[in-house]
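There's a structure below that I have some questions on.
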Amino acid sequence: MLFHVYINVRVPHDADPEQIKRLGELEHGRAKALQEQGKWLHLWRVAGKFANVSIFDVESPAELHEILSSLPLYPFMEVEVTAMCQHPGAINKTE
Amino acid sequence: MLFHVYINVRVPHDADPEQIKRLGELEHGRAKALQEQGKWLHLWRVAGKFANVSIFDVESPAELHEILSSLPLYPFMEVEVTAMCQHPGAINKTE
Amino acid sequence: MLFHVYINVRVPHDADPEQIKRLGELEHGRAKALQEQGKWLHLWRVAGKFANVSIFDVESPAELHEILSSLPLYPFMEVEVTAMCQHPGAINKTE
Amino acid sequence: MLFHVYINVRVPHDADPEQIKRLGELEHGRAKALQEQGKWLHLWRVAGKFANVSIFDVESPAELHEILSSLPLYPFMEVEVTAMCQHPGAINKTE
Amino acid sequence: MLFHVYINVRVPHDADPEQIKRLGELEHGRAKALQEQGKWLHLWRVAGKFANVSIFDVESPAELHEILSSLPLYPFMEVEVTAMCQHPGAINKTE
Amino acid sequence: MLFHVYINVRVPHDADPEQIKRLGELEHGRAKALQEQGKWLHLWRVAGKFANVSIFDVESPAELHEILSSLPLYPFMEVEVTAMCQHPGAINKTE
Amino acid sequence: MLFHVYINVRVPHDADPEQIKRLGELEHGRAKALQEQGKWLHLWRVAGKFANVSIFDVESPAELHEILSSLPLYPFMEVEVTAMCQHPGAINKTE
Amino acid sequence: MLFHVYINVRVPHDADPEQIKRLGELEHGRAKALQEQGKWLHLWRVAGKFANVSIFDVESPAELHEILSSLPLYPFMEVEVTAMCQHPGAINKTE
Amino acid sequence: MLFHVYINVRVPHDADPEQIKRLGELEHGRAKALQEQGKWLHLWRVAGKFANVSIFDVESPAELHEILSSLPLYPFMEVEVTAMCQHPGAINKTE
Amino acid sequence: MLFHVYINVRVPHDADPEQIKRLGELEHGRAKALQEQGKWLHLWRVAGKFANVSIFDVESPAELHEILSSLPLYPFMEVEVTAMCQHPGAINKTE
């Protein structure tokens, strides 16, 4: 089941840059694993922003919540979730 | 080059339903052709709305504009375009 | 799987009142059937508005879209869908 | 009398994590008691957010205010209250 | 129980002025009766707008909905309801 | 002359709780005096929020500004002022 | 007493142009008279819009409402009223 | 003097397409003349929208208003004007 | 040339009160000088807020920017600039 | 390929002024180089704000992101990117 997730990362200017960098590296590792498992289907960066758009393919909203809330940078994220479904005009029915 | 496009279709309640249906069929044909050409990369429906999210892979903003403004339902669309780029954490670099 | 749906019904002032009344009756029949099937779990009216809040229990966003878009008053509805999950502090895990 | 309450918890990044954790545990205890008393009728988490949607069944807006403002995490909550009533199309008149 | 109600009346420019005038007169009659019954506690006009702010004293959100939705100009109203309670600093506890 | 004032109090999480408590007590004293003088005509709390709605009866916007800006919690307030007037349908012309 | 009034005129595209022109002429006559009486203290046009900003000097919000609601183009106006007062740093205390 | 102007053209679905087309042609002629006079310095289309961003170089806000309000499609335009000035970091001081 | 400027002053609660007071006094001195030069044509306070509305009469947007950005409290200001022009219905053409 | 970029710089009041000044100087140097390379086509300041509007001419959204995210003041910037294309009515086709 597909969810469209818009993530805006807002790092406060007085956060510890070392901690943010470390969390960012952990984040990339976690994102890689989730992509390899097929849970994190697509991941794009929004040009000009510290933001991304993702498509997740999960079993349920509960699994989506578990994934998102365990991301290392989650405490700094503003997250918007949108439930998606097959479009009748889409020719690729499996993505 | 990738663009994220959110399209909300607002059909006025006093539009001619026959004309809207005809435009919808033309729209599906046009969407199919553009998907087969690889221009319209992804197409999902937003659950509960007459709206969709698409990813277009085009040569330029000008080509994107030409594609969107020639869609049969374009006069009824509210369109939001967002320029996207590769995310450093994405493992699939070609989509 | 639970979705929270806010529905605001906006009937244009020049719509045919007879048609709206007829659609409203069909809507009640459809809502009754969906409640009896356990798909439409909760349905409340927002005080002072022609709007309601519902909880749907469906298989997927696609089933939710199918249900919502087939409601008789759908053409006049503004719909906001929010994916919900179990709250760790909820004592009733089955609703 | 039913109220729909949307609660968004915004913990500042420089709050003491130990204190937040302690408040979160107190919150769960309080939520459990209020659910057992039948005051806190429903409680769901919004997928992807540190937010929840609840339905409260209380005697008055004053009782609702007393309950909400005494929650341990209240100082970090953004709260939206909506007064609800029976929907004529609802088949379950007692919830 | 007190509710604060903001009502904005939006008459479409192509509505029949005679009908609007007739509805306005019915509205004043209905407002007078409800004030005399003590249901419609306060009624003020917003300077410069076809809008008003009211305080209703009713048994429940359901009674409030019944009153508002039966107002003659209701089809043209945008309504915002806010549940109110006693302020600890108010010296007049009965209004 | 009547003004409708919506006051939202936003206390920063790192403010000194003792100072806020002291300011709150001063605030209640000031509010009581202004109510007794007939300047602060009505005062209600918004259910679920650290916010209130008030009706002030003052000589001029200048007097209203003087009153509001001298409130002990003013530095933490977001204030929205709306000028009100008699509604032709109100039966009580003196409040 | 001074009020700042932002007026945005929205003429529907299917309004009768002759009627709008006639109302515009009446509006100018009325604005001239009110300026000569000293009620309509300042009147500027917002560059690029069918909108204006005015300062009114009136006895009360009620007088302001009476003036605004009797303007010939009032049915097409969106009006925002802001109560103003002397600024301690203003050197001209009489305008 | 430079002004940044965002123009969104909203053609109502029941406008006469012939009239809109004729106005569009007149608009292009007028835009061409103003560009040749150096008044309309830059003109770009927003990808995916019936909207454009322009830079005007005019004597005053009054001249800008005169130009914009005389455009053939002006009655269908939503216009946002922003006053611009030289940026200290710009190397081209004459554009 | 006239510009309408809305200034909202937001002093962070942890700013040094002595510094703010000193800046406020400098601000009044600067405002007085600019009024005497005829640059700062009007200055009003918004009732209930730490905000003001001003009309500036300057040579260009660049001069306006220079004036505003040199105000002592500028670092705490949210500023909205609107370009104004003569209204055809204004009888006083010189202000 | 042209992108319109609105940049609002929000410096927190407790940032180190020396660091901000140093970053501002680095920013000007970087902006100068990018203008000389023809990447940063236009750069204007918004009157009254610490904000600017720019037109970038880049190969792709990815290049735009790389440029923006490497600007010295980027951590304090709110950035809005809009993809632009040739307007059919523009007489200068090369800018």
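Letters A, B, C, D, E, F, G, H, I and J mark the chains as written, and numbering starts fresh at 1 in each.
Going forward, contacts are C-beta pairs under 8 Å (C-beta built on N, C-alpha and C of every residue); 3 or more make two chains touch, one makes a residue touch a chain.
Remember, it's a predicted structure, so these values are computed and weren't measured experimentally.
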Self-check item: Comparison of H-J and H-I (more C-beta pairs in contact)
Solution: H-J
Quiz item: Of the pairs given as H-I, G-I or A-J, which one copies C-E, with over half of its contacts the same by residue number?
Solution: A-J
Exercise. Using mean C-alpha positions as chain centres, tell me how far subunit E is from subunit H in Å, no decimals.
Key: 44
Quiz item: How many angstrom between the C-alpha centroids of subunit H and subunit D?
Solution: 50
Quiz item: If you average the CA atoms of subunit B and of subunit H, how many Å lie between those two points?
Solution: 27
Quiz prompt | Where subunit D touches two or more other chains at once, by residue number | solution = 2-3, 14, 45-48, 61-62, 64-65, 81-86
Quiz item: So what shape is it, when you link every pair of chains that touch: line, ring, star, complete or other?
Solution: other
Exercise. Would you pull the subunit A residues touching subunit C in the complex into a rising list?
Key: 1-3, 60-62, 64-65, 81-86
Self-check item: Complex interface listing, subunit E residues touching subunit F
Solution: 2, 4, 27-28, 31-32, 35-36, 42-48, 52-53, 55, 82-92, 95
Self-check item: subunit D-touching residues of subunit F, taken from the complex the two chains share
Solution: 11, 13-14, 45-50
Exercise. State the interface residues of subunit C toward subunit B in the complex, per the touch definition above.
Key: 3, 5, 12, 14-15, 61-62, 64-65, 68-69, 75-76, 79-81
